[in-house]
Amino acid sequence: MRPSGRNLDTIRTISIEPNVTKHAEGSCMISMGDTKVLCTASLEDRTPPFLRNTGLGWVTAEYGMLPRSTNTRMRREAASGKQQGRTVEIQRLIGRALRACVDRSALGERQITIDCDVIQADGGTRCAAITGGWVALRLAVNKLLKAGDVVSDPITEHLAAVSCGIYAGQPVLDLDYAEDSTAGVDGNFILLGTGRLVEVQMSAEGATFSRMEMDQLLNLAEKGVGELIAAQKAAII
Amino acid sequence: MRPSGRNLDTIRTISIEPNVTKHAEGSCMISMGDTKVLCTASLEDRTPPFLRNTGLGWVTAEYGMLPRSTNTRMRREAASGKQQGRTVEIQRLIGRALRACVDRSALGERQITIDCDVIQADGGTRCAAITGGWVALRLAVNKLLKAGDVVSDPITEHLAAVSCGIYAGQPVLDLDYAEDSTAGVDGNFILLGTGRLVEVQMSAEGATFSRMEMDQLLNLAEKGVGELIAAQKAAII
Amino acid sequence: MRPSGRNLDTIRTISIEPNVTKHAEGSCMISMGDTKVLCTASLEDRTPPFLRNTGLGWVTAEYGMLPRSTNTRMRREAASGKQQGRTVEIQRLIGRALRACVDRSALGERQITIDCDVIQADGGTRCAAITGGWVALRLAVNKLLKAGDVVSDPITEHLAAVSCGIYAGQPVLDLDYAEDSTAGVDGNFILLGTGRLVEVQMSAEGATFSRMEMDQLLNLAEKGVGELIAAQKAAII
Amino acid sequence: MRPSGRNLDTIRTISIEPNVTKHAEGSCMISMGDTKVLCTASLEDRTPPFLRNTGLGWVTAEYGMLPRSTNTRMRREAASGKQQGRTVEIQRLIGRALRACVDRSALGERQITIDCDVIQADGGTRCAAITGGWVALRLAVNKLLKAGDVVSDPITEHLAAVSCGIYAGQPVLDLDYAEDSTAGVDGNFILLGTGRLVEVQMSAEGATFSRMEMDQLLNLAEKGVGELIAAQKAAII
Amino acid sequence: MRPSGRNLDTIRTISIEPNVTKHAEGSCMISMGDTKVLCTASLEDRTPPFLRNTGLGWVTAEYGMLPRSTNTRMRREAASGKQQGRTVEIQRLIGRALRACVDRSALGERQITIDCDVIQADGGTRCAAITGGWVALRLAVNKLLKAGDVVSDPITEHLAAVSCGIYAGQPVLDLDYAEDSTAGVDGNFILLGTGRLVEVQMSAEGATFSRMEMDQLLNLAEKGVGELIAAQKAAII
Amino acid sequence: MRPSGRNLDTIRTISIEPNVTKHAEGSCMISMGDTKVLCTASLEDRTPPFLRNTGLGWVTAEYGMLPRSTNTRMRREAASGKQQGRTVEIQRLIGRALRACVDRSALGERQITIDCDVIQADGGTRCAAITGGWVALRLAVNKLLKAGDVVSDPITEHLAAVSCGIYAGQPVLDLDYAEDSTAGVDGNFILLGTGRLVEVQMSAEGATFSRMEMDQLLNLAEKGVGELIAAQKAAII
């Protein structure tokens, strides 16, 4: 019934290739089916002004799509002179999510910027960015630990994100673009490895949903995030 | 236990004054405790370009805060030359929410813009904007109906929004600023009069939540929205 | 003869409600007929860089119109990314005018920002903003005096503004929108309580005026400002 | 008593050199003492959208200062990404003033843009821009008349502008920078050749003025504009 | 003597992987040593306004660097709100160069946009972008030919670019970042497969060069471009 | 054969008038035929941040065209809110070129900004700006030497620029607009007084060139720059 032939609770093929760029302190290329996002972590030994002399670090994120990552070429945001509302929303979400698994005191007065650039889009880019962003962050923090720059591990948990939605009247896991563009209800679920929830964003465009449907989507999300975290573990040995 | 002395499941005093401006097709001033938002509905007999010749109408929203609506003066967005990410997020949310209770085919090729301007802020401005925005929209559509410009009512349901969160370890309804600024977990819940969900945005800054807590917050939201819709009904006789 | 039926030298009904917002150090809602402007004064204990270590304070102003304060919805300046020339002109005028009644040395190294936001427009918004802005300023300075933060009163005089113009060949006082939009000549007059002039801006769009007409307009302005200052005094007991 | 040794009612040496650029339909270099402004008139056979199919033409103006026209280099507005408030105010003034002497119906659906670029600044640049702008406009319109593109002369009057102010307690005509930077009260007066007033902008920074002083300044302005119009006539034979 | 141990006239390892993205009409990933650029060609069936109804097509280019493509993270241009001067220069160069090998009449009223996004930078990104951009263009045009949308091949020649410079007093071919950042003189050479020159940009920062040195650099460029065109041919069978 | 009747190797009439503005430390008006550029040098006793405490000075340039310097009025860059790509390219070129003849250590921690504003354009404005910019720079540095603020002359050489191109199949020197707008190949050549090359920018729009043609253009450039440097010497006695 799904355009891809997947079962309702099957996620797409996941691939996480770590350490793909020579300059970044941490990086990976994450693929969820045809969605490909390059995630890099850049470490700076200073924090934004509002954290100076607090002993706390910061994790932030930026998100972008290459102009032809999509089916029809999008205008380059650098050329149009501003980031779209959607871009700003997504990068705020990624940064907020990743901070949920970071002990900013253990990190110390450092900033880690996670850049998530969509190389190819086929739905679910923000979730892939969070899941891959966690890997880039993990690799950068590993360098800090190895060098002795931080003593206790500032990353407190695994964290990943997956989208779920109601497609053709059925709750489905990990929507691709063909599903996402027609689903009346969909959402993004960010969970820790412990199963606790970090962020839930259910939204409906021209449709609504019941509490029972919400429960079913949460069940799917728990299953999906479990598989994503397994892939994260496999990628970082 | 709450700074305001309210019970965990008590919302603030609601006041909705309809028809407060002379120019707008619909308007109200909504207060939720010390939060005051002016909502106006502006009607145009044309839609955005992507809807031309589709027979469908559009409802959109814009949001702003007066510079001294807050405790410390904020920089005026018109002066800084752009809307902040938070502003863009909120106005996208308001517009999306209101479209969930509109039959855009019954509306016809018209656009209604809901402007939500925060006169005084004390937490929960986006929820107040949605609840008050619905009233402004309702009043503007009533004019269309009265004039015979639309035949069947394009508004399909009541709709309101309320925030809930976990404050000092307890789920609470309708956070004010004193609570909102320290709650680790909070969210916005938008529901129809039927009880169906339109949007759920739970987010945590440096904290997480369980599925049981999520259920408790949904219970609170259902109670709060029920009372808000009663206030909407009382305001428009 | 005037659309409102007023006499040539009659101003509109004035209403000044002080202390209308909870956060600002001083505030009022001023109405001149259907024109309503919310004026707030925000106090900061620092001056702009060019005044550091001079012992002098600063008073500045910002002006905005809510998008649907006007008959037809205007584009939100925050969304269009810049303030229009008209906005910039008006806020420079308000700030310059208010500084004419302030002893900046007695104020000390503080900045007071007057925000004037038009809630409903029906002509004469800049004059209402100056007259109401003076009230907000007065209230904020009263707090400084009461707290002993300033010793001698930095406000040296009452100050108010009124528009006058030539409508249908006759000099008239306090133009409303119906008059303003068709008057070939109109101007703004800012005076102290002593009757001395602070600013005169007579301008003609496609028309001109004689020195005798200018004298008649100045006579009207003196009368109008006298009544406005009486209203200021009544509002702040 | 004046820094330049001029009498109170003496304007600076005026020089108007017409036809200084090869491309513009009309142009002049105007000097008022050390203030030098290049004025060009550019003619287009179309009007702005709001005038389409009205039969009316439009005259507008733009103003700029070369970065080192001033004593200390100013930041280039093109590099800073926006025109300052002062620039916008001045160019709106120039355009509005010039339209006061134009019969827009006789001009027909054409636009003439007057560019006023300050090559060297020593006070009074906006007045020089108006006086020189009129010459550029006159020359461009002469071409239209000569070519038979317009039948009756759209320019109805001579028009010029001069600044006056109160310097060291005395009303003075045509302030240079040394005076302008210390005068508490100064203003710009725009008059037709008939003596009728087009615009009066008296403003005070930290000072005020009486009606008697205003009369004295108007007397000076009438004298000054008379001499400027004589120079305009001499420049266009 | 070169940091990489290469001979003076040896280019870096070239790799051109064609058809790397699913959406673009043509694409490749080009690597020159550690420099990696993703080039995509996007086809539209309309031209920019200035070419409407001329029968001519257009080829244009845009260039960007991912924020962490460089050793130190660069600010994202979309976030800073404008493209830097360097970016604008480079993308104008790429577009101009590619148009030199295109018969725009044979292309017809179509636009092909070449996006060149630097994934990893190690010197010579603009030359890699041109060489790889040609491949993306070639692949997109092949689709047009195959579909019969164009009849005669609009691409008239192979075209590639290489940098040369004077490093440690010696003319060298294909500078990497270690060389580029210290070379006083360097340049970019764009040549056709026929050996004719399309663009030469020699520039010196704090150094100069003789005509003999210029000749030596041209010799190196001819050698390098020959090898690059061989790689292009190998990539598109 | 050339539209102007000049020989293939004849430059236009050069005129360099030094010290044309009262405020700038150095200035000249340079004319190359109908192309007129005002060049000013502004001296500041501080460098950009990246040079603080290095003992080195900086020379930079900005370029602009007056809106009606061209045949058809161009939009004012300050009004459109950004400098075009062409403007940015040109001012980067001017600054880079002038730094090639400056010993930045002898200059000390000072910045000299060369503003080049095109008063009238007829082709070759960037070359005129460099040649005239050198004169403005020379005059400003002379003041420093005279005042004893620098001890040894920071200017190491004369420097000038000229354009050459292939017009109607023939290499020609110093293209005017009539030639420039139709030449398929043209370039800018910047040379020192010693004959060494500083920058060569040959570019072709829809055409290509051979190495022999490149040699011929270099010969013309050497001749032209020689004559320009003679004019520089004549202007500064």
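A, B, C, D, E and F label the chains in the order they appear, each numbered from 1.
Here is the rule we go by: contacts are C-beta pairs under 8 Å (C-beta built on N, C-alpha and C of every residue); 3 or more make two chains touch, one makes a residue touch a chain.
Going by UniProt, the chains are A, B, C, D, E, F = Ribonuclease PH.
What you see is a predicted model, and the numbers here were worked out from it, not measured in a lab.
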| item | value |
| --- | --- |
| Between chain C (Ribonuclease PH) and chain E (Ribonuclease PH), the fewest steps along chains that touch one another | 3 |
| Contact-graph distance - origin chain B (Ribonuclease PH), target chain F (Ribonuclease PH) | 3 |
| Farthest chain relative to chain B (Ribonuclease PH) (centres taken as mean CA coordinates) | F |
| For chain D (Ribonuclease PH) paired with chain F (Ribonuclease PH), centre-to-centre distance based on mean C-alpha positions, whole Å | 33 |
| Separation of chain C (Ribonuclease PH) from chain F (Ribonuclease PH), taking each centre as the mean of its C-alpha atoms, in whole Å | 51 |
| Per-residue overlap in chain E (Ribonuclease PH), given as positions that touch at least 2 other chains | 81-82 |
| Order of the ring members, counted from chain D (Ribonuclease PH) so that chain F (Ribonuclease PH) is second | D, F, E, A, B, C |
| Interface residues, chain F (Ribonuclease PH) side, partner chain D (Ribonuclease PH) - complex | 21-24, 27, 34, 38, 40, 42, 44, 62, 64, 66-71, 73, 76-79, 81-83, 87, 113, 115, 117, 119-122 |
| Chain A (Ribonuclease PH) contact footprint on chain B (Ribonuclease PH) (complex, rising order) | 82, 85, 88-89, 92, 96, 99-100, 104, 187, 192, 196-211, 214, 218 |
